[in-house]
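Two complexes are shown next, each including chain A; its partner changes from chain B in the first to chain C in the second.
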Partner chain A sequence: MKSLEELKAIREQMKKQLDIRDQSDSNIRVAVGMATCGIAAGAKPVLAAFLQEIDRRDLRGISVTQTGCIGVCRLEPVVEVYVPGQEKVTYVKVTPEMVPTIVADHLVNRQVVTRFTIGAAEQEEKA
Partner chain B sequence: MKELSLHLLDIVKNSTAAGATLVDISLTETADHTLTITVADNGRGMSPEMLAAVADPFTTTRTTRKVGLGIPLYRMAAEQTGGALKLESTEGVGTTVTAVFHLEHLDCPPLGDLPGAMATLIQGSPGADFRFSHSTALGSYCLDTREMRELLGPEVPLDAPEVFSWVTGYLQEQESAIHT
Partner chain C sequence: MKLIRNHVMVCCGTGCTSSESPKIADAFEKELARAELQDEVKIVRTGCFGLCAAGPIVMILPDGACYSRVTVDDVPEIVREHLVKGRIVDRLLHMEGDEGTTATSLNDTQFYKHQTRIALRSCGIIDPESIDEYIGADGYLALGNILENKTDPQSIIDAIKESGLRGRGGAGFSTGMKWQFTKDAVSPDGVKYVCCNADEGDPGAFMDRSVLEGDPFSILEAMTIAAYAVGGTQGYIYVRAEYPIAIARLETAIQQAREYGLLGKNILGTDFSFDIELRLGAGAFVCGEETALMTSIEGHRGEPRPRPPFPAVKGLWQRPTLLNNVETYANITWILNNGAEKYAAIGTEKSKGTKVFALGGKITNTGLVEIPMGTTLRTVVEDIGGGVPHGKKFKAAQTGGPSGGCIPADLIDTPIDYESLTAIGSMMGSGGLIVMDEDNCMVDIAKFFLSFIVDESCGKCTPCRIGTKRLYDLLCKITDGNGTLEDLDTIEELCYHLKESSLCALGQSAPNPVLSTLQYFRDEYIAHVVEKRCPAGVCKNLVSYHIVPDKCKGCTLCAKNCPADAISGAIRAAHTIDSAKCIKCGVCLGNCRFGAIVKV
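This part shows the complex of A and B:
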């Protein structure tokens, strides 16, 4: 059984990593749309997938936040990625299956996954 | 919304958006298959006029557009099962939302992934505290983020991925202990 005591272990583990984390000036931010529209479209498992993937790969310097509705409810779940010094990237109709690719390609290797972006979705709608 | 836990996730966000520092969420399932979900916060509360209008889909405080569906969808879900939604609010004191569901009703959505919904709430508002309790005929449990903070200390924020994983796993175990 899991117990509250395990939180102490998390604390000890994170204390060690704190110094490393402070030194990184390149904090990446991932914002998952979690308004009524996002939740109804399946944003919760997407958020969980990001957090689990970051935890699993033990990545540092990435913060995951929840945000409101940005006004494109039809394209939810929407995820915005902010890399310092780069333009914001908006991923749309995100599924948990897409998350490991976004984490590996974009968050780790800084290569935008163009086929998942809002730009690609709009091209498709026009075609 | 396919699950009651998603409705819960949605409406508790109203509490944190209203500046609540403490949200008490309790689920009580009785032997006659009635589920009562209570969300009580210490946010800024609502005026009697707003309280009367809030279940109307064309009422919202947001400025980007004129519809707000959180409370209306939640009320519909409760009423479809023969249950009801009750809103109580006092300006400057807080708001309490009580929903009653009849679990055996054909139109009752499944409870769904409650551990995931609670972990998401805690992760989304690391500045607020949550007290979450769930009781069934088989037993009950409670998780209080104030206790978690004490153990995690100032170094670890509640929105850390490690904490999210722990909350999800912990609540999954607690849930299976109170359901057959």
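This part shows the complex of A and C:
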């Protein structure tokens, strides 16, 4: 026998689990490159770090998906962030340590972490 | 801690189950374990997505990739490519028409775009065997609020009235009024019943089955709320025994709800008590009629009784009884959670909300759709349904099953609502929508529905028992080529007598398929009667097969395959068909490589 309070608690807990099925267009989408190159470079811990961080901060409306190889294998693990209505941002050579920063700055505060992006990496390579 | 990153939604409705979807779910379990992903990917066995024609359906979330016609052999590839490497398996993606849809745009497909899913809101989205998932999808929110705030029962009924919801079983009576009558009725011993009609019997209809299979808790919650509103003490769901999956899921749901204290004594610790039991019907069509249904629940032979008294006053065991259809109940919690005015904003002036239809017959996307009332038949057939396949022409649509009528091609722009359909001689019915093309003979269709009625008439009243049989005999006379023009008049007269004098809706509506085809396709009846010809080439006695001598090469293929030995001729010489022996099976026509055989 459940009480009204228990019913509400179950609802809150299950809502988080069911979030993954929300297909709304307003969701922020985080796509982690998980092709052979990505996995070899350590994409799996990065994916797990995103899931953990989003869960820890109790964030809603963000879907974490996988994607294949986008062709810049030397820069893997690659993470693409799609905020609706904004241009896609590509982060490269992502490590689990970088994830809390990306989540806090970009996903929550909508500030692109420029130093982790593909643009910064390419400039570094030229220099 | 387990962090699930993907949900694999495997449709386990009746349609996909028949093409082995449970085995697909099992295969996913095995392959995920092999790839060591069992803690990262969750398999969810869901109810119907609606795309039955393309089943089995597997959807991978949150990516949104929708795979259709999946086989057990495809599973290792999906796991290896999609779930391990994040590469969508393009060859299995659901394609719509000639243009493929992209992975993330299932909601943009023509099939889904025109739909508004209220009754089907959770079908295909939650695991129907998990009360937790139902609660997570705002399940028991409405009941919880009512019990917490001790809502006045009258205000619930007022909200249902205000929403404009009408019975989805076919008759279209105001649901709020029905609740009001039951609430106002006085029971001698305080007992009132709340029943759910899940005896879905129309040929080709499977809306209620899909709701029960995909979202069974929504029916339990709605019935519990109804009981709170009208003062019900015990509930019954009358479901046909031919729906084994729906029954199994309902049983699971009832048990889980009892364990959570959401059914039974002192629901959620309050002093409100209500319980639900299942009653299985043996498949008699007449038991979908409310008085026959109640007679059957009482343990008697399922026969209707005269009304009044209406069930709301004297129903089950002579107590006030509320009886609603599955789809009607499926709308209740949505209305209470989202507001009656929001529901009333959907649809037409007199027909509010949405209606679920089971699309079948000569249509590309056979399946389950939910549309706002007032959507035109054209949108349903051409846009959502993907039109008539094989380049054939749309001829008519049949709504309302054996009680409904045919809508001809020139009325395809008719809006679908209670009033418009009745005005053109059809009816909303429970939601079967059968599409017919130029190869369907309308006399034959009328005969088919009538033969169904003849089988299903309970025999209690004479007009229905004998009238439908006589009507059927007259139609047979016409399709056999022995009809006269006077027979057409007799048919019409008999139809009116049946309508006027039958005891229940089964007999009263039985003539509808005949009358509406006579109204819109009288020329076909006349062709059968006067020219002794079946324009669609369906009625066997009125077609004959011939071999065109100039085209026949004498290959003997037709003669070899003829099951009746009706074809003769020497090798490399034109053959002939002996019409006395010919059984008109059409095998020769299918076998001839030279187009030498014609059907007249």
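Everything below uses one rule, namely that the second predicted complex is superposed on the first by the 104 of 127 C-alpha atoms of A that agree within 3 Å, B and C clash if a C-alpha of one lies under 4 Å from a C-alpha of the other, contacts with A are read in each partner's own complex, and residues count from 1 in each chain.
Note that contacts are C-beta pairs under 8 Å (C-beta built on N, C-alpha and C of every residue); 3 or more make two chains touch, one makes a residue touch a chain.
Since we're looking at a predicted model, the values are computed, not measured.
When both complexes are overlaid on chain A, the residue A:71 reaches chain B alone and has no touch with chain C. Contact with neither chain B nor chain C is seen for A:126 once the two complexes are overlaid on the shared chain.
By the touch criterion stated above, A:33 is placed in contact with chain C alone, chain B being left untouched. Looking at the shared chain after the overlay, A:45 reaches chain B, while chain C stays out of its contact range.
In the superposition on the C-alpha atoms of chain A, the part of chain A touched by chain B in one complex and by chain C in the other spans residues 1-4, 7-8, 10-11, 13-15, 18, 34-36, 39, 47-48, 51-52, 55, 63-66.
Those residues of chain B that touch chain A in the complex are listed here as 1, 6, 9-10, 13, 64-65, 68-70, 73, 113, 116-117, 119-120, 123-124, 147-148, 151-153, 155-156, 159-166, 168-170, 173. Taken in their complex, chain C has these residues touching chain A: 1, 3-7, 9, 61-64, 82-88, 106-107, 125-126, 132-133, 135-138, 140-141, 144, 147-148, 260-262, 266, 268-269.
Note for the complex: chain A touches chain C at residues 1-4, 7-8, 10-11, 13-15, 17-18, 20-23, 27, 29, 31-36, 38-39, 47-48, 51-52, 55, 63-68.
For chain A in complex with chain B, the touching residues are 1-8, 10-11, 13-15, 18, 34-36, 39-40, 44-45, 47-48, 51-52, 54-55, 63-66, 69, 71.
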